[in-house]
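Dropping the structure in here first, questions after.
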Amino acid sequence: MTITQDVTTQVARIRQYVADLHAELPRNGLVAWTAGNVSARVPDADLLVIKPSGVGYDELSAASMVVTDLDGKLVDGDFKPSSDTAAHAYVYRHLPHVGGVVHTHSTYATAWAARAEPVPCVLTAMADEFGGEIPIGPFALIGDDSIGRGIVDTLAGHRSPAVLMRNHGVFTIGRTARDAVKAAVMCEDVARTVHIARQLGAPVPIEGQHIDALYARYQNVYGQTQPAA
Amino acid sequence: MTITQDVTTQVARIRQYVADLHAELPRNGLVAWTAGNVSARVPDADLLVIKPSGVGYDELSAASMVVTDLDGKLVDGDFKPSSDTAAHAYVYRHLPHVGGVVHTHSTYATAWAARAEPVPCVLTAMADEFGGEIPIGPFALIGDDSIGRGIVDTLAGHRSPAVLMRNHGVFTIGRTARDAVKAAVMCEDVARTVHIARQLGAPVPIEGQHIDALYARYQNVYGQTQPAA
Amino acid sequence: MTITQDVTTQVARIRQYVADLHAELPRNGLVAWTAGNVSARVPDADLLVIKPSGVGYDELSAASMVVTDLDGKLVDGDFKPSSDTAAHAYVYRHLPHVGGVVHTHSTYATAWAARAEPVPCVLTAMADEFGGEIPIGPFALIGDDSIGRGIVDTLAGHRSPAVLMRNHGVFTIGRTARDAVKAAVMCEDVARTVHIARQLGAPVPIEGQHIDALYARYQNVYGQTQPAA
Amino acid sequence: MTITQDVTTQVARIRQYVADLHAELPRNGLVAWTAGNVSARVPDADLLVIKPSGVGYDELSAASMVVTDLDGKLVDGDFKPSSDTAAHAYVYRHLPHVGGVVHTHSTYATAWAARAEPVPCVLTAMADEFGGEIPIGPFALIGDDSIGRGIVDTLAGHRSPAVLMRNHGVFTIGRTARDAVKAAVMCEDVARTVHIARQLGAPVPIEGQHIDALYARYQNVYGQTQPAA
């Protein structure tokens, strides 16, 4: 497969966009060394743009990003794609509304994943962004579709844009890659706060109807997408 | 309502002041992504200046701040005001001595809020700034006056300029917005230290008379408001 | 009392030195807002240089430092001295070998202080710098010599250059103010590591003879004060 | 011993390389004050390049690095070598495949070391990098070959490039000094995540065959050493 003429400009723009978004991972304390990656779907093409494998965040640029098809096969780039590319590609193949995917081993979220315990929804900020608990996906080895399938199957039963893969780490999805990065930041933030709350006793639950109300309001009213009242 | 000629200069100055103060939130580790806001009352006018909703801290400027009346209705600005504006406005309507309000979901303070447990006064720095425990306010949904009323009613019974809203986060007040920011920084600092102390046993209480003495001294002697002795 | 001609140059140099050392407090994560201070003795004069009260670390300069006598009385400066000046001054009056004093409310050290529990010596780095446990001083109110006396009396029975004042925070001493800053940094570092070790079980003690050997070696061999072997 | 003509250029290059790598220690939060060091072997010469003792990370440069022989004896440099040089030298003498050694007292790893408890392998990232648990080495005093021997003997029984010396801290090895720095960063990262997981219950173990598969894949496929598929 080759990149057709009409997506070349798009790909160039998305390379820059994805390279820039990677800076949010160290900036928000989500990654150690090179262990975390962002991808974005190329609209109107069966392509994605993702981080090269094992390269440091300071060295990333539009030029070093890697373009693959939605089976994770290299289409354009000077480097090998992230070893997590197959999982990202599986998500894009099966969830057409997803425009961006993020993977991290952020500390507190991964600690819940190591115990295979979902993060309970005991914060209004968590109801806003996740609409309930952050669920646990299965243990899955790298190398085939196991991780991608685990992500998609687990998210199917939840409103959460984040899933904690057992013994592994976090995958988040979003309409855009920026939304997926935001979900990754908020996932670590609430995983940390709920962990710390739990250390000294049981957090007070939030009633299901209140979670529903908070989620509905946040998805529709928050931010600048609606015109000012 | 329109801004009268004689408050125009004031509003311009306060827009800059509030934009600048927002930088203290990420700098002091109080916020993730866009979740935290500062407001200031416009003296001699029923107006407040507050953060726009869902905008990142790096993108804030005097121009992007939003001016509302004390019912939270937009008066001037290119963006929608923070979704917490109603709570800020309620505080200004009911507490005339308050010149600034801050809201965060800072980690340790919010963890106490998730357990609905006040932070006990076991540090001299806490006696200085809070004059006793940091109290818990009720669970309240966003969308009407519930949060504002919860803040004002809870603070009425305490010397603390900070209240931990259940399952939600922190609101602080101050004579100035800078004082409210300081209270938010100190609230997280003492919430963290007392949490860590409690992890390995019971902190030693401070006697009520000593808390009173420390609070009285700090409010009157500390800092540069008094001339040098 | 006035500054005599022959110490004027010294005072100017020490103002800069003390202002610069204050940058190490936020840089090493030891302070929130303005709560922490460094002082240095002026050699051959009954004077000390200390931080002004309630001023932020970014605003400090040689010019804003305050000079007091060893009773804490203002001798030179445009600002009120730190409200902890009496404690610093007491230390200089009673411990002639001390050239610098540091005070912080650093999180983990203050958590041990809140429980009135000394930090046990279970790390070789702690044996090196502190020669044993970091002891607990008494509860003492600000306003007279109680804090200073508590520091001096507690340190008398230990090799540690740091003392944890109950419910309050850390005071460290050093031959120079830089040494006292180093002790404050190491105090928080070992207080944090031992806290975290204790969260999941009992640390293994280090035998007293090994602590003695490590302390003796570190005080005499480490660093560049000895010529290269 | 003197540096022969044909290694002079190598030594100059490695001085810069080792000086630069030291910046990763504070950047990744592995060190307090001056307590941590990196060394590299000089290829084709019985020499190593290491940090000077007790010098701050900001003051390091190629010129301030110290060259010693593989008994830790000073060969070239204006400063005394790190007090840990004997341990580094022992490793190079006994493990010919090792090109770099790192030592830190990073917080979470040292907390496990204080309890003499290995970090169990419950994260896929840990299986990738360490191939199993991170083991505990013996208590050993500085001053002879005890530390070096403890490192080498402990690592002999494990795939891990990191060892936690009891009551002391971390030593890591690598084919290059950069690999050893990466192992030190990942060691602290997984020590922290597993600690936090354990605080609220037991992490789910990973089966031995899965650890083997993850380790084999990561050592052979990850990063850019293989040409892009």
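Lettered A, B, C and D in written order, each chain numbered from 1.
Here, contacts are C-beta pairs under 8 Å (C-beta built on N, C-alpha and C of every residue); 3 or more make two chains touch, one makes a residue touch a chain.
The model shown is predicted, which means the values in this text are computed figures rather than measured ones.
Where chain C touches chain D, the two copies mostly use different residue numbers: shared numbers make up under half of all numbers in play. When you average the Cα atoms of each chain and compare centres, the chain farthest from chain D turns out to be B.
The centroid of the Cα atoms in chain B and the matching centroid in chain D are 45 Å apart. The centroid of the Cα atoms in chain B and the matching centroid in chain C are 32 Å apart.
Within chain B, contacts with two or more other chains are made by residues 199. Applying the touch criterion to all chain pairs gives A-B, A-D, B-C, C-D.
Those residues of chain C whose C-beta lies close enough to touch chain B in the complex are 32-33, 35, 52-55, 74, 77-80, 83, 105, 107-108, 110-112, 114-117, 139, 141-143, 166-169, 195, 198-199. In the complex of the two chains, the chain D residues touching chain A come out as 28, 122-125, 182, 185-186, 188-189, 192-194, 196-197, 199-204, 206, 210, 213-214, 217, 221-224, 226-229.
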